[in-house]
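Both complexes below contain chain A, partnered by chain B and then by chain C.
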Partner chain A sequence: MESSENGRESNEGISVKEENILNFLDSVDGYLILMDSLSSTLRQGWLELASARHSMGASRINSTLFDLKLHPASTTLQVNDQSAAPDRELPHFTLCKWASSNNPEKYFEEAKFGEVELLKKSNSLRHRDISHNSEIQARSPESVGSPVTVDDQAEKERYKSLSMFGTLVSPKLRASQLSFETALEMLVEVSNMRASLLCAHDQVQKDMETATK
Partner chain B sequence: MYGFEALTFNIHGGYLEAIVRGHRSGLLTAADYNNLCQCETLEDIKMHLSATEYGPYLQNEPSPLHTTTIVEKCTLKLVDEYKQMLCQATEPLSTFLEYITYGHMIDNVVLIVTGTLHERDVQELLEKCHPLGMFDSIATLAVAQNMKELYRLVLVDTPLAPYFSECITSEDLDDMNIEIMRNTLYKAYLEDFYRFCQKLGGATAEIMSDLLAFEADRRAVNITINSIGTELTRDDRRKLYSSFGLLYPYGHEELAVSEDIDQVRAVMEKYPPYQSIFSKLSYGESQLLDKAFYEEEVKRLCLAFEQQFHYAVFFAYMRLREQEIRNLMWISECVAQNQKSRVHDSVVFIF
Partner chain C sequence: MANRVQIRTSNSALIAMIADEDTITGFLLAGVGNVDLRRKTNYLIVESKTTVKQIEDAFKEFTTREDIGIVLISQYVANMIRFLVDSYNKPIPGNFGDPV
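So, the complex of A and B:
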């Protein structure tokens, strides 16, 4: 009786360890896919910027036109403090895009890769599938909140950001702006994915140390 | 009278026409572009260009090279050639050659004013100005707060002074006003250049009318597309279009109310010379429009060399060199960013 109970406990322990290993491998897979997407999005953004420069001319797009006047940031990053939320093990990054300078809390969009979603993904086997990642990319944060109001605000802020190059800019420059905006969202996702990856790695290491003892 | 230039043109213009035709033969060929498109690094590009007329301008540049360095040195060559021709030219060719640079002057004025608005250092801005558009008092632009001061303090003594009458206000300079100022100045410049060429008459008037009309039409299309989704009103947009060209006036009326690229396409396809341009694009696409317009422009500029005894060859040569420099800029960017598969997106072959 005791031996069968011991056997059952050891089987459960092994399956938990295997699950931890799978979670770790899934996290690595997700991280690598995100890094690959980030790299290709950045490459696209840089080429679109070069294309805009080719179209509009070097005198209209160059670094000397950057605005050095003080102005509020249109996009901010929030990091959840672990000491403030001790039950949350992972550091968590949240992007607040195109926040209005007058009403910073009224209009904001989150590019949130929530802990709940992380757990959901960790509970299922992941396949190295680009379409899964494109699903993440296609998820637009502008779908959060009232769509029309948030979209209008986002468009106004985008227009304001580009106005340092003039008010009549080429569609290529706007496309480049969108690419870098997408890349920024991906960076935040990469950071959150890395946090979960490191957490899974720690778990696997603990299991290995337990096994060797 | 048109047709009798052969009797008198060579007295004053023959030498310089021969010079410019000689320069034209130094433009890069398709074989040169094929070699450049296969380069792996910017050093390879420098090595290939060393066998061309750009060689002396790039040979002393240290590694690592940047794309902006290649563009700057190639532009210096164009400036040297222009200055050599200008110092040899007599009236009215000298005025004609000066007209070619007013567009760059407008760009420089706007660059300085915009940069000053953004609290940038004037010296830094002067380094980024196009050398063909420099004038003596350009640095003083930084002190102006509105367009009246801009005119009164600086531009009244420059060739751009007559173009300011349409945009002098006491409003402070901001991004929208600067953009409207840029386009209003360019509109006035094009119209003035057009009138000057008409006064010259003959083959110059005929060929330059076609080239400037194309420029005016292309500007109208670009202003329309770039202003879609912005705060620019329809009336303001209409005011920025030139008062000549194939699209004037009915095409301009339709472009002024266009809200997307497909409506612009519908307007342009009514004009046979522009049907071929828009037929290369798929619906809703505007990315390849620039290349299509550049290709059409290059075709028209090359045709200018088919006739003799006119000044349009000088304009055509300057524009072809600028296109060549744009090509080199694009090829350099694709090589530097390791995106050689995209190099043919924007390269326009001249010969």
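So, the complex of A and C:
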């Protein structure tokens, strides 16, 4: 009976080790695929940036135009709380794109201000063209009721980032912005994948050390 | 993830960058640029006149700052300070090079 129990335990031990090796190989595979995607996305971003520089001129896209006034980053990382999961040693990052740098109350104040401006514009247009304005008047009650959408806020933040290169920018520059946004998402995934890969590697190392003893 | 507005919380962290001008420009367009009260940025543009000492100092600064979660460094720049990068083994900030 004892030998069969020992045999069962050793079989379970072998399957756990094999599982660790498979986890490690899966992590490596996932990491390499992500890095390859990241590489092509970055190349695309660089190419679009070069095209934008070609159409707008080198003097309009260079580091001397970077905003060096006090401003927070719109895109940040959320780091997982280690105290919430103490057995988890891996850092886990989540990307927060185009986060509102203002406090939420100010965000809603801006939204209301936007609606007031829209109303004023619709009133000023009333005297120009009656047929056109009837559509605007029909639309304005809806706009008073509906809040500024999340997409509008993200577009506002995108526009702020683009505006350091001027008001009118090449479509290639906008395309480059989107490519680098995608690259950023991939980078965060790569970072998380790398952490789990290193953890799986450590586990396999430990298994090898216990096997040699 | 796309177009989702997030409200900043206390465990937010920045992404720092040590790379060439084009890479920094691209990621600044993506909104990662940060300038604090002391006019310190979370990036270093590496040009032909940038010294190895400046890159090392930037790497040390970014890896010791508490508000930085990831340090992104170009492969060729990492090769210039290879010893420093390889000897860094803390999980946060995480750092890795550009694949290109």
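We adopt the following convention: the second predicted complex is superposed on the first by the 161 of 213 C-alpha atoms of A that agree within 3 Å, B and C clash if a C-alpha of one lies under 4 Å from a C-alpha of the other, contacts with A are read in each partner's own complex, and residues count from 1 in each chain.
In this section, a residue touches a chain if its C-beta (ideal position, glycine included) is under 8 Å from a C-beta of that chain, and two chains touch if they have at least 3 such contacts.
Note that the structure is predicted; figures quoted are calculated from it, not measured.
Superposition of the two structures on chain A leaves chain B and chain C fitting side by side, clash-free.
Legend: residue contacts after superposition of the two complexes on their common chain; A:Asn62 is shown touching both chain B and chain C. Of the two partner chains placed around the shared chain by superposition, chain B and chain C are both touched by A:Arg43.
Touching more residues of chain A than its counterpart among chain B and chain C is C.
In the composite built from the two structures, the nearest CA pair linking chain B and chain C is 9 Å apart.
Common to the chain B and chain C contact sets on chain A are residues 43, 46, 50, 62, 66-69, 164.
Residues 1-9, 11-15, 21-37, 39, 41-42, 45, 69-70, 72, 91-92, 94, 96, 98-100 of chain C are the ones that touch chain A when the two sit in their complex.
By the touch criterion given at the top, residues 68, 71, 107-108, 110-111, 114-115, 118-120, 124-125, 127-130, 175-176, 178-179, 182-183, 222-223, 225-227, 229-232, 286-287, 290, 326, 329-330, 333-334, 337, 339, 342, 345-346 of chain B touch chain A in their complex. Across the interface of their complex, chain C is touched by residues 35-36, 38-39, 42-43, 45-46, 49-50, 61-63, 66-79, 81, 89-91, 93, 95-101, 104, 150-151, 153-154, 157-158, 161-162, 164, 173, 176-177, 179-181, 183-185, 187-188, 190-191, 194-195 of chain A.
Contacts from chain A toward chain B in the complex involve residues 43, 46-47, 50-51, 53-55, 57-60, 62, 64-69, 155, 159, 163-164, 166-172, 175.
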